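The structures come next, written out as structure tokens.
Look for subunit A in each of the two complexes below; its partner is subunit B in the first and subunit C in the second.
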Partner chain A sequence: MRHNPAPVKKRAVLYIVLFLVLLLAGITGFPGNNILRYGFRIFLYITIGEMWNLLSGYAGMTSLGQQAFIGLSGYSLALATTKYGLPFPLGFVSGLIISFAFAFVLSFLLLRIDGMYFAITTWVVAEALGTLFMSMTYVNRGAGMTITATPYPKIGVLYVMALILCALSLVTVVELLKSKLGLAVIAMKDDKQAAEATGVNVKRCRRIVYLIAAGFTALAGSLFFLNKGTIYPESGFDIGWTISMVFIVIIGGSGTVAGPIAGSVIYVLLSEFLAHYPGWSNIILGALAILMILFCPQGIVRLRRRIS
Partner chain B sequence: MEDMISFENIIAGYGCTRILDNLSFSVSEGEVFGVIGPNGCGKTTMLNVLTGSIYPISGSLLFKGREIGTLASHKRCRLGIGRTWQIPRPFAGMTVYENVLTSSVHGAGLSMEQGAEKAGGVLDEIGLADKKDTLSGELTLLDRKRLELARAMASDPSVLLLDEAAAGLTENEAKEIMSLVGSLKEKHYTVIWIEHNIETMLNATDRLMCMAEGRNVICGDPGEVMESEIVEELYLGKDI
Partner chain C sequence: MYVLQVIINGILLGGVYAVLGLGMSLSLGIVKLTNLAHGEYIILGAYASMLLQAWLGIDPFLSLVISVPFLFFAGYLIQIFLVNRAMMSGSEPALLVTFGISVILKDAMLLVFGADARHIATDYSNITVDIAGLSIPLLNILLLLLSGVAILLLHLFMHKTYTGRAIRAVSDDREAASLSGISVGHTLAVACGIAAATAAVAGLCVGMKWTWYPSSGGHYLLIAFVIVVIGGLGNVAGTFIAGIVFGLMQVIGGASYGLLISYIFLIVILTLHPHEALIRFLDRMKSTDRQKTANGLSGSGFVTVKTQTEFKSEQKESSDAT
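Then we have the complex of A and B:
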């Protein structure tokens, strides 16, 4: 939000170099498949974390139903590739279109409600979708669907796609925050009525933010399930997706662009480590989130700034 | 002079509670129009109706001859209605400059570059230029009141609605904010001004309206209004 061009330019060059290095790593595959797999997951979680942060941290629209778009896009990919034999990029496009359309229609209901009611409604809608898919023969009910792609993309390709998606989501958030819309988003989070009286079209801004978040979350969902190869209603519409977004933003720092990046790295590494202790992972992640809320509510990014 | 604002038999309220009861009055272009009345008489509700925070149940609300009773709040701001709040409501997560910039780009519909120029000019005018990078949540009450005024002015309004600009301030602070408000007339704004400091209203307003129970009980020359029996009765607590 601060408009100081000189350091911003320097940082932009640094980010472009970092992006190119990470891209080169994916293209050449030199870090090895294991590291690329970690990178792939981190980039996807950064994308969905940034989008949840945009919704909740910046715009004050705390959604508990972002898994709806992950499930919809995952199933769109499965239907496009397996049922209709389309190439997977078209599956991505169909997932994006369906998620946008769903978010657009849903926004007419969601824009009338706020706070806790908004959160609960988004959650209920996502749960309802999960239940619907569980009973639909068109999508094999609870038996789930496989995702076919020929040739199946290697981890290096998936990593590059996730990196590009992640970079796009970051650029979108940064540019949005610097724009007229960014001012409106922060104003309406602070005081919706005062923002309206200042000329901000709150409904329009909320709809745009919701659609952007839905689109990027959907693309991340498509990539995740392309890598996984199968989708079930329980995995696509699992509230665990949104819980991970919340965790990432709480740990990293809400209302900051860097927060979800730090949060995603911690989340992926920690959940990988805790996978060796089944049953304990959710307890430890939950305890960590509570500790952060109690002792460092502004997240690790602001803690680092305070120390420095 | 042309009527800028016209309330015609406006009935409005919150839920089942009726606050404005057939309220009628009009304000001419360039006029400083004061509004007084006991607590709970509907002064702030009248501003809320005017800015679109609540919609009238019935009656007609005209702005420059155009019906605006059903228009959304942001559209009324863009038409030229700017307001301040009794308890300042700055966007606390933003700096002073960003607060005013939001108003100039959204309220006045300027580009970011033009808006930045406008915001800088208004901050200079109001005397907040040296605090432009301060987070608005960290300002003193006086500066928050100034920021309210700056934000309203940055939207390029033709009508400014001031809701108790001096409320909560010390005597000296109130004088400062009053001199700022007093300068608005020279800038050719039409002002609707709610205030409890009646002495100030006598000197700074062109006309004064006294409200009671959601109605316009008397409106006219400030001196005559203040000397009227009905206002005396209202302020001394007698029945009307």
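Then we have the complex of A and C:
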């Protein structure tokens, strides 16, 4: 592929400036707490959306169980800070390590299957974890746990952390897709046998992608629950996390980097608006997602490209 | 004596579990669709029976006369308007569409019925029958009978009626079935309607045996998966045996860990395929037996009437060979 270096450089400068502006907004707290709270949520949803997109849209591994890592990291954070009195950054690290370890062990089972069986198995794993945490006294069973931190981070700090995580995840995805590994991943999705025949180590590729997705999803989960302050088995291992990831990627456009960004902005604004109609939000989000799959499977990012 | 009673109850409950898996077995094995909304269909069936009992004052078993057609049409319409379209572009869009339907149905039921636990109670819910010194709940016997009748009816339908044969033909080879004048979209929708209709029966069983919430669908969906995976796809007899195995597993595992055991069991079966290894092993045993006893008998002469699908698959094989 031939590409022109100058516009790429220009665009990179633009992105860095955008990042610095957003960062500055968080540090000064200039836009006000409400806007920062929106930003916090949008950045985290971009992160988990990009990761689900990496799995489903690029690598062809549609998972319905990424909430396993959100729950695991949320509980790790709660256990580390409340039970063992550690500062919350160490809780993040422990959540990351536990999620990586869990994903690594699980990958030996999951990489043996694909398609709908992969989707079902990931979901069953998350449900099994939720059931397990419901009956374990170590994590207070269904009563849940609180997350302690002194001083509790303000929204500005949370916003900056989410922004950095989001930027890291975007850079990771873009660089990954440009690398040899990324090309192998895309080749693998199009035709697994052909990729294998041309020397792609399919299992290794799939494992790396799965681990990266697990790691970033876990970090985003820690941040979500640091903001919430409490965690229950139903909220940590909620299938709702997957619903939002699916929605974000389907609406935005599966298999594009820009898709989940657009999808997250729409998701956060729409769910904020739908909060006025309790009980209806998932119904409307679900209906929108179905309509998009049926009538506009490329998502709005490519729709815009098609019009222009 | 107590152990025997527990085992008998496990076997009786097996009928209920078999019905839970029946619809999933149809949609996975025949329509080749992972219907993630099947759990919600089951819960919808339970609500339908509950409402019919409350409004009309009829016996819950009689409510099936209305709830089965209702769910049949719901399943038919959802398939023909939504899922068939998505299935044309692949299995993953179809999976995500059923996921969306599941989310919508779950929250819609939550809005309409509230979050309360529900149960279908009757006069004979708590009667036990004493047989040879064992006290067995009458309800378990009735539910086993009901599930037996449902499974038998489905088996007869699939093998003795034109529509049943058309469904199986579409399952074997869509193109060939379409060439011989079967409307594929309609047939798939009928199959999904039947799968949803079995969910009405399953819903009644769930409602009479346990309590449920609007959000219980996922739980029963996973049980249905376990049953189908143990019993084999589209295999009615296998589903029944799998139901009994699962019933025993639940009874032995106890209330709190029975579910976790079944999840782990499902993960192991889905990822490690121990049952396939067993089938391969048995096949190898069989084929060596056959080689010893018979030779030269295979091939032509036995099959006199070929269906179009069989013919087509043979043609495919012969063209592969050349």
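One rule holds in what follows: the second predicted complex is superposed on the first by the 304 of 308 C-alpha atoms of A that agree within 3 Å, B and C clash if a C-alpha of one lies under 4 Å from a C-alpha of the other, contacts with A are read in each partner's own complex, and residues count from 1 in each chain.
The working rule: a residue touches a chain if its C-beta (ideal position, glycine included) is under 8 Å from a C-beta of that chain, and two chains touch if they have at least 3 such contacts.
Since this is a predicted model, take the numbers as computed values, not measurements.
Of the two partners subunit B and subunit C, more subunit A residues are in touch with C. Look at A:V202: by the touch rule set out above, it reaches subunit B but stays clear of subunit C. Of the two partner chains placed by the overlay, only subunit C lies in contact with A:G286; subunit B stays clear of it. In the superposed model, A:M116 lies in contact with subunit C only, and not with subunit B. Of the two partner chains, subunit C is the only one touched by A:I239; subunit B is not.
Contact with neither subunit B nor subunit C is seen for A:P151 once the two complexes are overlaid on the shared chain.
In the superposed model, A:G85 makes contact with neither subunit B nor subunit C. On the subunit C side of its complex with subunit A, the touching residues are 34, 36, 82, 85-86, 89, 91-93, 95-97, 99-101, 103-104, 106-108, 110-111, 218, 222, 225, 256-257, 259-260, 263-264, 266-267, 270-273.
Interface of subunit A with subunit C (complex): residues 56, 62, 64, 109-110, 112-113, 115-117, 119-121, 123-125, 127-128, 131-132, 135, 239, 243, 246, 250, 279-280, 282-283, 285-287, 289-290, 293-294, 297. On the subunit A side of its complex with subunit B, the touching residues are 1-3, 179-180, 183-184, 186-187, 189-191, 193-202, 255.
Chain contact summary for the complex, subunit B toward subunit A: residues 51-53, 72-74, 77-78, 83, 85, 89-95, 98-99, 101-103, 105-109, 112, 116, 133, 151, 155.
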